[in-house]
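Data block below; observations after.
Each chain carries a letter (A, B, C and D) given by its place in the written order, and its residues are counted from 1.
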Amino acid sequence: MIIVMNKEVTEEQIGNVVKKIQDLGHEVNISRGTNRTIIGAIGDESKLDPEMFDSLPGVEYSMHIVKQYKIVSRESHKQDSIIDVRGIPVGGNQIQVIGGPCSVETPEQMNLAAQQVSSAGCRLMRGGAFKPRTSPYTFQGKGRDGLGIFRKAADKYNLPIVTELMDVRMLDTFLEHDVDVIQIGTRNMQNFDLLKEVGRTNKPVILKRGLSATISEWLMAAEYIAAGGNHNIIFCERGIRTFETAYRNVMDVTCVPVLKRETHLPVIIDPSHAGGKSWMVPSLARAAIAAGADGLLVEMHPNPCEAWCDADQALSPQEFTDLMCSLKGIAQVIGRSL
Amino acid sequence: MIIVMNKEVTEEQIGNVVKKIQDLGHEVNISRGTNRTIIGAIGDESKLDPEMFDSLPGVEYSMHIVKQYKIVSRESHKQDSIIDVRGIPVGGNQIQVIGGPCSVETPEQMNLAAQQVSSAGCRLMRGGAFKPRTSPYTFQGKGRDGLGIFRKAADKYNLPIVTELMDVRMLDTFLEHDVDVIQIGTRNMQNFDLLKEVGRTNKPVILKRGLSATISEWLMAAEYIAAGGNHNIIFCERGIRTFETAYRNVMDVTCVPVLKRETHLPVIIDPSHAGGKSWMVPSLARAAIAAGADGLLVEMHPNPCEAWCDADQALSPQEFTDLMCSLKGIAQVIGRSL
Amino acid sequence: MIIVMNKEVTEEQIGNVVKKIQDLGHEVNISRGTNRTIIGAIGDESKLDPEMFDSLPGVEYSMHIVKQYKIVSRESHKQDSIIDVRGIPVGGNQIQVIGGPCSVETPEQMNLAAQQVSSAGCRLMRGGAFKPRTSPYTFQGKGRDGLGIFRKAADKYNLPIVTELMDVRMLDTFLEHDVDVIQIGTRNMQNFDLLKEVGRTNKPVILKRGLSATISEWLMAAEYIAAGGNHNIIFCERGIRTFETAYRNVMDVTCVPVLKRETHLPVIIDPSHAGGKSWMVPSLARAAIAAGADGLLVEMHPNPCEAWCDADQALSPQEFTDLMCSLKGIAQVIGRSL
Amino acid sequence: MIIVMNKEVTEEQIGNVVKKIQDLGHEVNISRGTNRTIIGAIGDESKLDPEMFDSLPGVEYSMHIVKQYKIVSRESHKQDSIIDVRGIPVGGNQIQVIGGPCSVETPEQMNLAAQQVSSAGCRLMRGGAFKPRTSPYTFQGKGRDGLGIFRKAADKYNLPIVTELMDVRMLDTFLEHDVDVIQIGTRNMQNFDLLKEVGRTNKPVILKRGLSATISEWLMAAEYIAAGGNHNIIFCERGIRTFETAYRNVMDVTCVPVLKRETHLPVIIDPSHAGGKSWMVPSLARAAIAAGADGLLVEMHPNPCEAWCDADQALSPQEFTDLMCSLKGIAQVIGRSL
């Protein structure tokens, strides 16, 4: 950590900062520049916080020099981590497209969807039983029953299932239904109690980025899960909130090369929620794979116009199959497979 | 709801939309303009959703005409609501400044803080026992013990207490400690299960705005609480996330006149978290009251430099007392009291 | 245009709005719904503005139904426009990568860069003679001399040149140096007088998106150029400003499919400025082409570490050549050539 | 400037950075910490730029330690600067409210407005002759004629005039009409050639903040004016662009205490453009003054409903007069006059 002193700093003020650093068990380096004196605190930064120093007399500002995430950082683990989902690898050379409807509706719909997802070449399936909805008056998901319907349909095609957990009290139910990948949604990225609980399981977790979460906050949220012992974490970008109103969110592809540098964990993208309209999805999905994402979450519905939720963002089975084909081509160009 | 058809729309496509509207039990108005045909669905909009129509052939876009929140809307309840907190009114003519430290540390600190808050003229006190922290490696709050310490200190000065609930499983503990006002924090504004649960109590709730929540989403989050039967809701703006990096967040005073128009419920502001530095707080606090806020949440610590959390944003007791004085003057200018 | 009246509207207020619409030469459609009365103004919307109605008694809000851009809109011109730059097509099936250094430094540097750009397979070259810099104390570009140096170097390899015009008074100088494509930079996207002047020439114009410009504002800025008679406009996304601080800007790939729908004009992307670091560029460049962009602006410098400006974002000649290779592969997958 | 080296840095890489710093005429301080080595460059930072180092092997990142603005900085000039506008002080103890219509329409309108502005107690008047409009098809201002009309009307009431300059070629015309304060609009905040030209005059300049300009960029834009010799600069916040769609912009009051710390120059706020609706203006205006702004730009029109431009954001003369009254009260509370 470095502490930058202001221009009129006195020797006494410098002395107080030095003493505080030493009291906290760190060594000190003082650099007296033309305009500013900078005090460096040498040692384990994670025990220091800028707010400890910013309120001291003579301090202009202070800042960490190294990132605060550890387990999830590339620095702590050089090789790419590959998350094993019932034998299916996420991360590494093979790209995974996780297809399926926004929400579980009926056994018929899920059976059909599972068959279509499987025949399009996907190895995992998505579907929501508990839906976070902006309005309390809209469809909130099928709940427990939905989990059962989903499990049954997916099992017919041997597809591991990915579904969102919103309420910490529902975790046991998820484990009973043997949910293969627990999705933590955008609105819960900093629901720290939920993160701590999934951190105590050994289930793979897809951690979606909050609508306005910085890369650093996102990595720290993953660190909450990892600190509990569960290192099976997959980051999922799903569009960020900006000033633009012409589309729901802005899909942030820049996060892919940046996360690949900062963490060893896999990174996937959800182009369906990012754009919010099905006609944008193929373009965004291709961009995501070309940027280097390890996979995608894509909404597909047997009959989009009849979907109970997000009808305008699901691909039809034919559109989905066509997309898979061009994604394969792009994967090959960049030396990966799908 | 209106559905705007695209320029090349056919009569058959118009017919399909009309049929869908009628099947849903609504009447139809068709307006054929120079460039576009607009179809109006007449009836209770809450049962319709743009996504039901946006994927139909010939539809350019569709949109709600009225807001989706009901119980919390000014339209449903003309007069300002006043929330009663153990006899202290929030909302209405009297402004409430809720002071106290960021987090509960020790009985001594809380006793001193309660005495200072009370003698500065506050009628309610704040303090955190469960702290949402970006990093899993920093102080997470005193937990249950903190609630007890807070309750005891505040009772000496007859101050109702305001404290944050993060985990739905902790609600009973809050009720046992007779927490007077439950605060839902920024990161949990759309933790819908938590909202539903506090909606089943009759405790006053301070609902903080999410870092990038729109006014509309915020009102809908309140509607989740209200729909459960609990109408004792207080909105609290605490700074929004923008592109600016010179300060932590941007305090959005514009939300005050806008919320006052849209809802009958009280609106308060937290200038301490908005700016993130104690030297900004007096300026922001004065702006909030001048803009018409019904109250403030202000961090004050007996000894800011020694605070365990957010040390650089708490006012000292003297600064706090001085601020109260100028706030009283501003309240008077706009015809209110403090 | 539709005008939504508020719930308590009176017949007299409705009558006033109707009269105003009719006085402006439009017809009226009134739809009386359960909660709101909506008045539609039928006719050429471009002569109406929401602000004309929003201040009238009884009006809740009003809004345009169709977009306000005309010449640049896809609605007015169905086929993709191809911009001819001295025989090189921009738009259409062939993708153009415009390479070159951030700024013109010396004849040697520009000669070398031109040779490298050409041998990597580019057909156009970029370079800045006038540099918009945040600080008045940093290198502001070589100016007029720079234009001459650039022109000479590019002519050796028969490369049309792309360079930024900042000052309207410099337009004649640009025309004298026969600049092939005039770039309007991010900070000048709404410099309306500059737009009007380039609209009076017939030179191709690359119109970069403002840092926080909406798609709609960007299209309207292009409309300023088009309204002057110059339809040779190329849109260039270069990263938008968001809350994220881990990278300079967020490259908005979603704008590609959206612009392709809204306008017939070509869309290119500048991944170098978007990310701000050279190591991000290959990933972003691939994403841009995969998303459907018609081309790229990429910074390449013969010796990046020695660049006078933006040294950390330029690719080396070798990195640039490698990138071109993978871009060719992606172009092929999506049925285009490079 | 400090250069943070990455974890695997070699002695040779450190040596290269040290050499580069010394070659640039600076001294070096090396701090070898537990996790990182930090190299400090001691001397005048304005000649160094992070991009000079970020591309060197072994460098993780580098950053300035002091701010890059000089003339406008509080560090260079401790006392508040007061700008003299024909004898009227802007800055200092007296608050100035600059009232007037959005745009100059007719002599009658301007005469009436001038009389109303004056009788409400204002000492300066605003009005636009050249209007930056999003669409090329809307009213672009009365131009030169408008300047003459404005000058004449304001002179009757001895009001100095404030009006926007968009085109650098129009500067002489502004000087001929003896415009008292030149306004640089939001969209031109980084029109560097325009800034340089007004920097060569000695006219007071109101520099509006760009829609998404950071505090630092805004101060650097002012530095462009100051570097030319013109130190008569007034900052004007007018709302920033965020994710929120319920109002046009978010008025950023936090910038007031922050700018007051960073610069000695006056800071005013334009609540009319920030909110975009006249009913928000009184609340926002009061907040601005309570936050410590040195003045306001407020739109007032003799007959708002008939205004040619921004009809829904102008106050009526009566609303304006009422507002002035409450602003006086707030000014008094914080020890200032109006």
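The rule is short, and it goes like this: a contact is a pair of C-beta atoms (placed from the backbone, for glycine too) under 8 Å apart; a residue touches a chain by one contact, two chains touch by 3 or more.
Please read all numbers here as calculations on a predicted model, not as lab measurements.
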item	value
Farthest chain (mean CA position) relative to chain B	C
Distance between chain centroids, defined by C-alpha means - chain C, chain D (Å)	26
Whole-Å gap separating chain B and chain C, where each centre is the average of the chain's CA atoms	39
For chain D, residues contacting two or more additional chains	212, 241-243, 245
Category of the chain touch graph - line, ring, star, complete, other	complete
For the chain A and chain D complex, residues of the former touching the latter	2, 4, 7, 29, 31-36, 38, 40, 42-45, 65-66, 75, 212, 241-243, 245
Complex contact set, residues of chain C against chain D	46, 49-52, 54-56, 68, 132-138, 166-169, 187-188, 190-193, 196, 211-212, 217, 220, 223-224, 227, 241, 277-278, 304-305, 309-313
Of all residues in chain C, those that touch chain A in their complex	212, 214-216, 240, 242-247, 250-254, 256-258, 261, 274-275, 279-280, 283-284, 286-292, 326, 329-330, 332-334
